[in-house]
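Down below are the structures I want you to see.
Look for chain A in each of the two complexes below; its partner is chain B in the first and chain C in the second.
Showing the complex of A and B:
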């Protein structure tokens, strides 16, 4: 049986040209993605602390050692709390706002959209620094406003139970814009005819939402969820700027912990093992979500 | 086809020559102007602190003198280590930085890894630099490592107690203190005395029922702000982390007492947000006039005397950390082995550490490291407190010279922060610290 290739539907004389055109890109991917990835896999099974000399002996137990590290397990727990909270909140708020903005009759719609998208244009470091100033207990404007209207002024970043909630609030403020943008694009591209037919059939607004909007938007929502989930699992910048993992270890996330094992402890072996475990979790969760997406599409 | 190939190969060869010229550093061209480093760019990485600003203000002199262009990349402290390490591991002559400044707790790490050039030969043949000009405590910390000189001390950041002298000498407050404690107010000579004074100064100044003035401004942010601050309490109460041979000397008894005192100061005399404050926030509290004292770097006094940055101009004084022994800190100039232009970098060090340039920096508010600058009549006339600072620098104890010092700071910051947060006790914190300090010690 003839082996089919990416180019088999092209005329024969074009196939070689196509291959030649693809080769540089493939080489680029090899050099900047696959090689570092494979090298990281190689060092993840070796003892190697950067400041203590060159790469050491083979040590597969790096993977078992890091899985027993209570600080990694704590940061995994924090990451799960953070990821579930921000993804759920951002999808709910983002979808609600996208539905409102999809109403063509709304006045100044583009201005609202622009304002809502501003946080997305800011780098996370800037967002962290702005919020750190806003949340300053003595000098920040948020606690000042709360004091003026007679409400208690929380220690947003200094209270262990509140610090994670604060990071969640800041992340929702920053990232919801992305969800709005993706879901609004999905809503805008929905065919009008289905809604017109539903109106003729006497469907109520709730029924239109439940039986048309939601099923047709499900794949878009799922894609947005996957992208946000992957990004949230890797949350690092906000934690770094806002709390450095504190108070105590209450806001330490996996990515931030891996960063410290690499850049502070200079433990290349263990940090690579941790990074690979995180990669596995992300691949697994993405795979599961895609399965759910396929099932959802079949149901409708 | 062949012709095309030749042209292509020639173009590639020229490009690679150009690129390798960039990577290996530019060759000095002395023919045109007689300046030794005409056309050379010296890339330096530095922290965004006052002493860096003073060097920037002086740069044009060096550029005029040598023809070199100095490009200083100013970074936040927290970003420096992670940006430096990949550059330091680069092959000889192929890094991005010609010259770096090294914080004292990176010294053993960088030298054990063999990332810095030894400077002994260059110093021996130098006319402007002699190592005995520096205070011995500075040379020991950011000068030598295992008998060789790898750095020259740039500025000190010995920690001290900076306090509001206007309040300390206020007759009403003095009277109030005497009535409450039955003795005259005095500068604290021990940590317990400091806690007492800081608690006394913490008060509600506008009578609205809320405390709005604090006895101590503190920085509980992980890892280095809180770790550095705590070590002053530990050292002043007689504790240490390691001895000179690298054995762990921290004991449960002194460690717990110091940590309990530190947490008590934070809970009773510091602003409520202190567990999350870094250097900038703690500084802002003092600069706005909302705190009596601050265990911080001795060179904060000139900064707090700057009307553009502070509302307490002329009101601050500096003294030794209560107990007399604080944390000594400092930075040293060093040339990485990966430096593309080590000769130009050394010329810069010779210039920047020459007496006149170091003195000029001290007059701008810089923190000296040379004894002759500390004792210079003009410097003392402008900053009389530098005679006290010289003693503080001489008496303070540096962070342990351990190659895994950044990780020791990380562990220290974590256990302190967990104790403040209440998730572990001070006994558990010190036990964890002792165990980790033993695991991380240089073997």
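Showing the complex of A and C:
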């Protein structure tokens, strides 16, 4: 039966029930998502700076200004650097740790797992605060330890190139747990028989990894990668709490820059136009995620 | 061969211990600072052994109204989560059972959760100002529904699809209406799923920062906003910041382990089970 005819083949009263049941949720989403987005779209094609009064004339100049804005380019560059770095590091470290945890010889497996998963759902703001305390130039424990072992004590969050690296490290500390959890779930659900067959055929551990584990895990790794990428492209909280985009503009991400244009420059039109460009990128990524999910047919 | 294997295990354990320590030590340090008195908290080189005190906790509740922030967070997170569960579960059931609006409606639920919050918060802020919902709990609950609702629908669809139609049909032959079978059969069977979706939404709301930063004021400030301003107001009151951090993190860590069984599903939008 074709998908589209399923609904129309239902008895009339079931069709009615089915429609009634989705009405509240649809209304809700129209009110809190669709309407605000349409309003933002409307605002983005108008001149509107809050400090200069009401909404101005209709034109596309916001989009032209924004595309030529070197500061947006800077924040886009920072966001891309941050996203690629954290996703690559988190996948590598997370997959490595998941593989180790999947080893049957590890007796304390559950204790390790329990500890490693703690940061996963911690509020990003608290993660940022914890690291600000640890990295504080005079009062932080990290620079004290470095001084004891005779290493230089950098200003982690106040040195242009180092600040971005610090944010990356903190993000890895926070989010690698997600990768561990997801990839470990993938690993433990792999069919044992394939490995047994491979052992009978005399496969080495390396061969088993290369020809069984990796190909079978690829879809899960891909899904985890895209989900993390979508989240990383929106990074805001960590930047706000750790550096406020500084020093200078060296750690400004797109989300943070849009926030600044809106709340500091009060430029409603321009910030909305930029938000829409970010939205476009995220929608493309989400589309990619859906394709992958469909292909792996793991979605229910 | 045996020696090689043993060496491998030692190496694996060493790496896992290092990883665990790098997760644990920062958290332990903050807990340690939260129970240190003012003098000890600031001391570098650090004092390792001291008598713990609850002064910092007392301070954040007496000097700053952290009980208010805690309550704001609790009420707002719970309310949004419950509303989403209530209306989201109905829609999810309809989509799962009758394929209502398939696949557009289902997929729109996935893409809506991915929206960058900054794109939504600007128009929502402008609207809230006009309809006078800025700095109100209702306002923030509505804003949180923008991600709670699509998430709930999306994740519950697969839970409902896991319930055999025959169970419902049997109930309906025994005289239940469609709605009664939903309440008496489907919801109880899907309860673990409903709970995990609700708790997960609660955690997302509890952790949320950008909406709360922009949409709350003096009356409705939530914990993340309150602690982020604690740092700037006070310069660095290390003890107070640590105590507030501990208070904010604790409920989340506890809840995370309550829904541990479903976490993978929650976190990957149902794509990995």
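We adopt the following convention: the second predicted complex is superposed on the first by the 270 of 300 C-alpha atoms of A that agree within 3 Å, B and C clash if a C-alpha of one lies under 4 Å from a C-alpha of the other, contacts with A are read in each partner's own complex, and residues count from 1 in each chain.
One rule holds in what follows: a contact is a pair of C-beta atoms (placed from the backbone, for glycine too) under 8 Å apart; a residue touches a chain by one contact, two chains touch by 3 or more.
Predicted model, so just to flag it, every value in this text is computed and none were measured.
**Q** Of chain B and chain C, which one touches more of chain A's residues?
**A** C
**Q** First (chain B), second (chain C), both or neither: which does A:266 touch?
**A** In the superposition, A:266 contacts chain B only.
**Q** Of the partners chain B and chain C, which touch A:67 in the superposed model: first, second, both, neither?
**A** Neither partner.
**Q** On the A-aligned overlay, A:138 touches which partner chain: chain B = first, chain C = second, or both, or neither?
**A** both
**Q** When the two structures are overlaid on chain A, which partner does A:199 contact: first (chain B), second (chain C), both, or neither?
**A** Neither partner.
**Q** Would you check which partner chain A:88 touches, where first means chain B only, second means chain C only, and both and neither mean what they say?
**A** Neither: A:88 stays clear of chain B and chain C.
**Q** Which of the two partners, first being chain B and second being chain C, lies in contact with A:151: first, second, both, or neither?
**A** After superposition on chain A, A:151 lies in contact with neither partner.
**Q** By the touch definition above, which chain A residues appear in both interfaces, chain B in one complex and chain C in the other?
**A** In the superposed arrangement, which is not itself an observed complex, chain A uses residues 136, 138-139, 240, 259, 263 for both chain B and chain C.
**Q** Touching residues of chain B toward chain A in the complex: what are they?
**A** Where chain B meets chain A, its residues are 78, 81-82, 85, 89, 109-110, 112-113, 220-223, 271-277, 281, 284-285, 288, 290, 403-404, 406-407, 410, 413-414, 417-418, 420-424.
**Q** Note which residues of chain A are touching chain C in the complex, please.
**A** 3, 6-7, 10, 14-15, 17-19, 21-22, 24-26, 28-29, 31-33, 35-37, 39-40, 43, 93, 96-97, 100-101, 103, 105-106, 108, 111-112, 114-126, 129-134, 136, 138-139, 141, 144, 148, 173, 177-178, 181-182, 185-186, 220, 223-224, 227, 230, 233-234, 236-237, 240-241, 255, 258-259, 262-263, 268, 271-272, 275-276, 278-279, 282-283, 285-287, 289-290, 293, 296, 298-300
**Q** Touching chain A in the complex: which residues of chain C?
**A** Spelled out, the residues of chain C in touch with chain A are 5, 9, 12-13, 15-17, 19-20, 22-24, 26-27, 29-30, 33, 42, 44-46, 87-88, 90-91, 93-95, 97-103, 105, 107-108, 110-112, 114-120, 122-124, 126-127, 142-143, 145-146, 149-150, 153, 157-158, 161-162, 178-179, 203, 206-207, 209-210, 213-214, 223-224, 227-228, 231, 236, 238, 241-242, 245, 248-249, 252-253, 255-257, 263-264, 267-273.
**Q** What does chain A use to touch chain B in their complex?
**A** Chain A reaches chain B through residues 49-53, 136-139, 155, 157-158, 160, 163, 240, 243-250, 259-260, 263-266.
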